[in-house]
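I've put the structures underneath this note.
Here come two complexes built around subunit A, the first alongside subunit B, the second alongside subunit C.
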Partner chain A sequence: MQFNSFYFLLFFTAIILFYYLIPNKNYQRTFLIATSLFFVFQANYLSLLVICLIAILNYFFGIGIETKKNNFAGKFIFYLAILINISNLFFFKYYDFFLENLSGFLGLFNFKNPPQVLKLILPIGISFYTFQILGYLIDIWQENLKPEKDILVFLNYVFFFPKLLAGPIERAQNFFPQAKESKYILLSNFSAGGKLLIWGFFQKLVIADRIAIYVDSVYHNFDQHSGITLLVCSVLYVFQVYADFSGYTDIARGLAKILGYDLMINFRRPLLAFSITDFWRRWHISLSSWVNDYIYMPLSLKFRAIGKAGVFIALFVSFIIVGIWHGAKWTFVVFGVLQGIFLVVELMTLRKKKKLATKIPAWILNGAGLLMTFILITVSLIFFRSPSLKIALSVFAKININGKLFLGTASFFLYSLIGILILMMHDICLEIFKKDIFKFKSDYFILRGFPYAMLVIIILMIGVFDGGQFIYFNF
Partner chain B sequence: MQIERNKFQSIQLFYRIFIFGLMLFILDYLVGSGLSWIYKIQKNGVFYHTTYGLERTVANILIFGSSSANHHYIPEIISNQLKMSVYNQGHDGINILYQWALLKGILKRYKPKIILLNLTPNELSLQDNYDSLSVLSPYYKKHTEMRDIINLRSKFEPIKHLSAIYPYNSTILTMLPNLISKKGVRSTNGYYPIYGSAKKMKIKMRNFKNNTNLDPFLIEALDNFMKKCKQDDIALYLVFSPWFSFEIFETATIIKVNELALKYKVPVYNFIKDPEFNGQDDIYQDSGHLNHSGALMFSKRIAKEISISLRN
Partner chain C sequence: MERSEIVAELTKIFRKTFQNDKISIDEQTTPSDLKEWDSLNHAQLIYAIEKHFIIKFNLKEMVKFNSVGQICDGIEVKIKL
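And now, the complex of A and B:
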């Protein structure tokens, strides 16, 4: 069941009606868990089985780590829990990738009977809930968090359907207090949630799915397209991924808000970043902050004895993990490696940049930074989009400004540009003037609601209603 | 206290949902009516031709099919040869469901004497979705006979069509140029020529595949199409128009079409195997589409074949 389906909208409307009729907070939580499990069940049985098993095991692991903290048993439980969660993720997501590469490697030595791949179905949301649970366990181990004893609260944290499929990777500290409250109908929640939903659907249906038509058709026959077409396609893909994932996150946050929950912000106008460091503070914030807290920081501390090199190693490892988190493909590894290289170069040139800032006007420096960051992200996302390293390199090699630009249907191209223009106007106004272009200050609800009604009209007019699923559902 | 607060918030919420819904309804009605008006006053372009074919033409011969029909059959050439009026109903990117819906709509108004139904080698292949039927959405309200076919897109189509804008989704930028400028009117009686040859443009030609999984809905639509023509005494010709092929073989679609043709005693003309057209990249724009030169050759040929058939 996809968020951008009519079926889901009916499903969610029914959920809200029942949810707010339930008077007791325990029953409310139980209802939400049941709803989330139904949501998983709609995908496949395996996903349901895996998530239930993992959630129940980790509930007990959390309590076990806390109660046996000061002895060997506590340490054993902690490492066992970490091992089980990582193994679960590895088995479903990376096992076949590992075996395929191992077979290829053994093939070099004429090794016969290579191990067979399992072709397992990837349980939905596995990368997202595994990282959530790992964060929860580490926080308990580091005594930053008390384990949740109320199983309904804990299960709600793992299962909560708005964030289950593609995040945000929510922190337990943020979620638990909210899950313990009784939820009542609040006009402000519905209003804020509704606005997020409309804006999310706009990003997904008007921008991402429209651009996808062009990008998919170019990638389908990339060898037949000119250099300029591949260049335009690569630039458009940056907007597609942004609108797709940011749109999904806004829909997820909107759904959660209507149910009385505040999920963390996942995107803060990333295409207006002045550097790659800045970009990762704005893009997929729940993942980048997770990696920062649980991988980069501990590694930097571990390697601090070797100075700057230690920081570079920590950065590299962190971003390889970010890359491979997205999927079991070498293209994602290269995506991560590229981010690592860009960040290391930025760190190494930081002093020079500061010196330069004293000589060159800030607007030139910022403009150049903005452009450079966009170019580097565009290059990285070629690997992100390509089905294989070979294709990514072929696309990359073929890009130039020559040849005839493939426009598809001219109107399709224009629809994409209209969407991008609205998205960028929104982001630029918010970034520079700290003002949301869709928010009118007025005492009249009609005036405040009008921009959002217009967004719905634009969705109906130029949205793509038969588009595919969200890109990040694959992760 | 909490109950009172809840009650107040609920009333406020329903009031706002009602106001927002009303605002949406009015905006949807206004914008939708505008789009409907623009759609109706089209003087050329693909929407004009679909409406003309469905609601106005009284041509003796109708040509049905997807892009290969639209770009391969020149009505004037066929008309000169057969001394009958011809209209090309072909439409890019659609399948037999569209043809069946359109035929139902046309037969409510008049009966053509001859129908040429152009098919592609994988016309009946299993479809992931029927989204190409969206081109019929502007006729959903008026042509009730088409609804059961348009509803195949999804079970929520009747609800979605409550919106006045939805039937015109993604049409505005195609419609506006046809209002402002008459430049680019290249079609005559529905035919749209395509120029440039694969040879000159160095386009890599691809052979068709044999998609063995056939779609039961598409088979049913073709069966209904043929049955209806038989019932209404319309002479139906099934045509597989030329294809640039490296290797000639029978697809599951071709086998099924031959089977249905035998059932309804309908002639099938298969030009995929024809040496006059096969493998000549100067008369193709791409693997499945003849350019204007190719269309000229093909129109003469099909007109001759039909002429012979009519004489017999």
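And now, the complex of A and C:
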């Protein structure tokens, strides 16, 4: 059941009606859990079975780690819990990839009976809730958090359907207090949630899904297209991924807000980043901050005795994990490796950059940084988009400014540019002037609602309503 | 060692590690107060502190260091041992 479907609209309307009629907070939580499980059930039975087992196991693991923390049993439960969660993710997401590569390797030695792949279905949301649960367990182990003993609160944390499919990867410290409150109808929640929904759907339907038609058609027979087409396609893909994922996150946050929950912000104008380091503080923030707190920081502290080399190793390993997290393909590994290389090079050249900053005007340095970051991200996302390494390298090698540009349908460029312009104006105004261009201060509801009404009209006029699912649902 | 002495020593370490003699800290200082104190420099700062006080922190202790005050707490525990 996709967020951008009429069926979901009916489903969510029905949920709100019943949800706010329930007076007791425990019954409200139970209803929300049942709703979320129904949401999972709509996908497939395997997803439902896996998430239920994992949630119940981890509820008891969390309590066990805390109860036995002063002896070996606590350590054993902690490491067992980590192993089970990672193994579960590995089995469903990476086992076939591992076997295919092992078969390829064994084939070099003429091994006659390669192991058979299982062609497993990927349970929905597994990458997101696995990381979420791992963070919860690590926080308990490091004594930064007490385990949640109210099972309804814990299950709500794992199952909460607005964030289940593609995040944000919520922190327990942010979610638990909210999950313990009774929820009442608040006009402010409906207003704020509604605005997030409209903006989210605008990004998805007007920008992402329209660009997707063009990008998909170019990639379908990329070798027939000119260098300039591949260049333009690659640049447009950056906006497609951004609008798709940011749009999904805003829709998720909007749904959650209407239900009385505040989910974390996942994007902070990443295309206005001045460096790759800055980019990863603005893009998929719930993932990058998770990797920072639970992988990079422990590794960099572990290697602190070897100075900068320790930081480089920690960065590299962290971003390989970021790449692999996205999927079981070599293209994602290369994506991660590229991020690691860019970050290490940035760190190594930091001193030179500081010296340059004393000689060159800030606007030139920042402009160059902005452009360079955009170029590096565009290159990285070629690997993100391409179905194979071979195609990614072929596309990259073919890019130039020669040949005839493929324009697609007559309206494509016009409508895409309108969407991208609105998106970038929104981001630039927030970044520089700290003002949201859609928020008018007025005592009159009609004036306050006018920008959002315009967005709805644009969505209805030029939105793509038969587009595909959100890109990050695949992870 | 008095708390104020620990903060004075930490000030020297912060200035040396981040190569900025103008840095001024107190127990409430957190990474958001100093642009140099980010995740890329945090491990080096902790290592410099360990070398200076001739102590060694474990991972559970280090991940709690989100302010100068928390670092002082950690140093006091190690010095008393």
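Definition applied: the second predicted complex is superposed on the first by the 475 of 475 C-alpha atoms of A that agree within 3 Å, B and C clash if a C-alpha of one lies under 4 Å from a C-alpha of the other, contacts with A are read in each partner's own complex, and residues count from 1 in each chain.
Heads up, the rule we're going with is that a contact is a pair of C-beta atoms (placed from the backbone, for glycine too) under 8 Å apart; a residue touches a chain by one contact, two chains touch by 3 or more.
Since we're looking at a predicted model, the values are computed, not measured.
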*If subunit A is used to align the two complexes, do subunit B and subunit C fit next to each other or clash?*
fit
*First (subunit B), second (subunit C), both or neither: which does A:F190 touch?*
first
*Where the C-alpha centre of subunit A sits as vertex, the angle toward subunit B and subunit C in the overlay (nearest 10 degrees)*: 160
*Which partner does A:M297 reach: the first (subunit B), the second (subunit C), both, or neither?*
second
*asked:* A:A305 in the overlay: touching subunit B, subunit C, both, or neither? Say first, second, both or neither.
replied: second
*Could you let me know whether more residues of subunit A are touched by subunit B or by subunit C?*
B
*When the two structures are overlaid on chain A, which partner does A:F18 contact: first (subunit B), second (subunit C), both, or neither?*
neither
*For A:G449, select first, second, both or neither according to whether it touches subunit B, subunit C, the two together, or no partner.*
first
*So, does A:N144 touch the first partner subunit B, the second partner subunit C, both, or neither?*
second
*After the two structures are laid over each other on chain A, how near do the C-alpha atoms of subunit B and subunit C get, in Å?*
38
*Mind pulling up the subunit C residues that touch subunit A in the complex?*
39-40, 42-44, 46-47, 59-60, 62-64
*Quick one: which bits of subunit A touch subunit B in the complex? Just the residue numbers, please.*
6-7, 184-187, 190-191, 223-224, 409-411, 414-415, 445-446, 449-450, 452-454, 456-457, 460-466
*Touching subunit A in the complex: which residues of subunit B?*
2, 5-6, 9-10, 12-13, 16, 19-20, 23-24, 27-28, 31, 35, 129, 131, 134, 153-154, 156, 159-160, 163, 165-166, 168-170, 172-174, 203-204
*asked:* For the complex, give me every residue of subunit A touching subunit C.
replied: 141-144, 277, 292, 296-298, 300-305, 307-308, 310-311, 314, 347
